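Each chain gets a letter, A, B and C, in the order it is written, and its residues are counted from 1.
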Amino acid sequence: MSDPIIQMKNIEKHFGSVIALAGVSVDVFPGECHCLLGDNGAGKSTFIKTMSGVHKPTAGEIIFEGKPLDFADPRDAMAAGIATVHQHLSMIPLMSVSRNFFMGNEPMKKIAGISFFDHDFANRVTMEEMRKMGINLRGPDQAVGTLSGGERQTVAIARAVYFGAKVLILDEPTSALGVRQTANVLATIDKVRKQGIAVVFITHNVRHAMAVGDRFTVLNRGQTLGTAVRGEITPEELQDMMAGGQEMVQLEGSLGGTV
Amino acid sequence: MTSLMKNLMLATAVAAASFTVAQTAAAEGEKYILVSHAPDSDTWWNTIKNGIALAGEQVGAEVEYRNPPTGDIADMARIIEQATASGPDGIITTLADFDVLKGPISAAVDQGIDVIIMNTGTPEQAREVGALMYVGQPEYDAGYAAGLRAKDEGVTNFLCVNHAIQQPTVGERCRGYADGLGIDLGDSMMDSGTDPSEIKNKVLAYLSANPDVDGILTLGPVSADPTIAALQENGMAGAIHFGTFDLGEEIVKAIQDGTINWGIDQQPFLQAYMPVVILANWDRYGVLPGNNINSGPGFVTKDALAKVEEFAGEYR
Amino acid sequence: MADTTDTDERIKEISPLRRALIRPELGGMVGTVAVFTLFALFAFDSGMFNSQGVMNWSIVSAQFMIIAVGACLLMIAGEFDLSVGSMIGFAGMMIAVFGVVLAWPMWMAILITFVICCGLGALNGWIVVRTGLPSFIVTLAFLFILRGFTIYIPQTVERKTIIGGIRDAAEGDWLAPIFGGKIGQPIFQWLGDMGVIGVFERGTRAGQPVVDGIPMLIVWAIALIIFGHILLTRTRFGNWIFAAGGDAEAARNSGVPVNKVKILMFMFTAFCATVFAVCQVMEFGSAGADRGLLKEFEAIIAVVIGGALLTGGYGSVIGAALGALIFGVVQQGLFFAGVESSLFRVFLGVILLFAVILNTYIRRIITGER
């Protein structure tokens, strides 16, 4: 495999007296799906916010394409090719798919020296890109609100890919979805990975992670418990690591291994 | 015309008849519209509504009352324009802001609609816009009449309590009063402000500093009510001559117990009733009074209170 | 997983009717047709449809339109401005103070007033985005603050609450006619001569047409509607307006400068209010402390009738313009139809209720809520 596209080295993040991240190291390669697992409060959100430029690390280093990085704000990160798809906050239900797709990056055409929104271009590209992801829209003016949760995630992912994301951070894209929609999103992740984009997939669902992940990093209480490669670890082991060991084993026993 | 269309028209006519809430059978068919500047919240104008309704009923004309809901004079200008467009026989309107209303009113006059100015405005302004006449209470004349009456009742030295010094027209009442008494206004006019306790204390201070004052004029309930309280406090209630403009609950009470000698009523009923009657007679027989009509001052004394109380808010 | 999901068999094809229903202008269009039909039936010979009557409700509607365009874009951007009415009174008073009391040239008074009012709009917006307080509260505060100054300033400098003489002061000014003038006089004179429209029967203007031109107020209304519509639907900034009102957080995540958009929309609303005020004082020649009372609600009502959602993110300038037209025609038309004027509020309430219910239904269709 080639060099990692992004390396997070010993990242620490303190909020006042609270230590959210206590030295986390992760590297992500192009074309892999790197799953970041952890229970609620493990520090996943803080970690990806650091990666996408929302937070500045208290200590540690981020190396992106071989160079140390210092993002001033999320727009810098976006411009560099690090895109984040948030669980809820990335689509506007009342707006059409094509308006959403180009939100913040509207295509322009000049008529008589004045810049106008190029709707024809936007509509064409949107339909095309969505077809590539396996979603047939009724039309580019269909409102996002009429799409299912999985389809919305797919639009958001397609948008990030179209605008040249090299690292795609997915923040719990499957947590609120049904079985079939989850399958759709996972299929989308697979497609994106095959295009050579590094995917960082945040989840606390081991099965979803196992379905598409190439490597797995477990966060617990602000620390990483190591990175495992697909095939070297079982879902049960991952589950235990996320929960922090002992108690979960007992709980699981009483639940008959269903969790 | 197809029978379907006829039926439709008929149905429409029937519906329109029930739709029309506007008053009275129009025996002679004239239509008069009264436009005021008062917001909906101003209940004083209820008397006006009743006045035109009664007049319309008596002369058999259709009458309508219109006002800008918020009292916005610019909206009032639109209402006058609209009234003009609907082609009535006459428009009765106040002249609350000469600059704004001059245009719409003259346009109505120029289209052959008779206009009478009521309540607000002056006879001179009414003439300038081309109105037939002015019906209302000219402030100076009302003050003058009050002064004449007060002189007969023995007033020689007075205090005029003015709570609306920023409105020059209201101040005219004091000037007229002084001229009626035949004495110089001098510094008898007090800028009292509108705060009740301030007014009361100013009046008390003025009266103790000027013991020769034997008459007081207040220009409305705002200045009258605290003045009543002041006189009751220093024991001059009933002993000093006291006249006031306009009526109100406290004023009526004070007239009753003798603190106030009389209240000057501008008689809004007449401001509404007279123009309708005059317009109807002008339209039918071509007769018109040769001058403006002063609806006030009507002096309300203890003896006349019964009618005021009976018709308060309705015709008084 | 299959490569194509094809069409989801559970989503029914949307019928053309429903498709038309989700256009925000639809309610406005239906309402406009209904209102005109109603008044054509009930008030046709009442003078409502002669030249003067048409001009009357056109001007009233145009007034609503001017402030509705601003309120509409602001509402789509997710905010309200309750200070519009007070801004109208304030702007008129500023022109009177600068142009009459201080006797500056009228063009300068107008321009300075625009600068001050847009600045106040920006302040409104800045406070809203900075504090995160609901714009309802912030602009409510400005409703009182501006109205207070509108009464205080003329009382202090002139000892009265109405300042006149603006028309005389504007005589010969180059900028004033753009707000207070009329266009198309020759056409109307010709129509009057031909007997198509009514002429004055007597007085100094005898022989001149009663309606002698199209007031600039109407021209401004049309210009602002066209500008607002193109801005909203055909430009990048329009997309940002929708985004800022639809979901500010999502818009920020996508790199939309939400705060800038909102502040600019507050400024545009203030601009529209100032246009309204300048047209008014130029036409009437005086500024009063009570001008513009409750106009903010009339603007919001017109926008809501026109199909915009109170929660932001959805609406149309054309719809708002139609809402303003309905508002104006109903307000003036009820009078022509001979309906007691106090019933106007009843009609207004009914229309408003219908519009809001329709809007809620539309949003359910769009967002697929059940």
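Note that a contact is a pair of C-beta atoms (placed from the backbone, for glycine too) under 8 Å apart; a residue touches a chain by one contact, two chains touch by 3 or more.
Since we're looking at a predicted model, the values are computed, not measured.
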Distance-to-centre winner among chains (Cα means, whole assembly as reference)
C
Relative to chain C, which chain's C-alpha centre is the most remote?
A
Based only on mean CA positions, could you tell me how far chain A sits from chain C in angstrom?
44
Which integer distance in Å separates the CA centroid of chain B from that of chain C?
35
Euclidean distance of C-alpha centroids - chain A vs chain B, Å:
75
By the touch definition above, chain C meets two or more other chains at residues none
Listed in rising order, the residues of chain B that touch chain C in the complex are 12, 15-16, 19-22, 40, 64-67, 69-74, 77-79, 81-87, 97-100, 103, 106-107, 109-112, 130, 165-168
The chain C residues in contact with chain B across the complex are 41-42, 46-48, 50, 52-53, 55-57, 59-60, 155, 159-162, 164-167, 198, 200-206, 210, 280, 284-286, 288, 290-294, 332, 335-345
Quick check: in the complex, which residue numbers of chain A touch chain C?
74-75, 78, 84, 86, 88-95, 99, 102-106, 108, 115-117, 119, 134-136, 138, 143, 145-147, 183-184, 186-187, 190
So, in the complex, the side of chain C touching chain A is made of residues 1-7, 11, 13-14, 22, 230, 233-236, 238-240, 242-243, 246-247, 249-251, 253-256, 309, 313-314, 363, 366-369
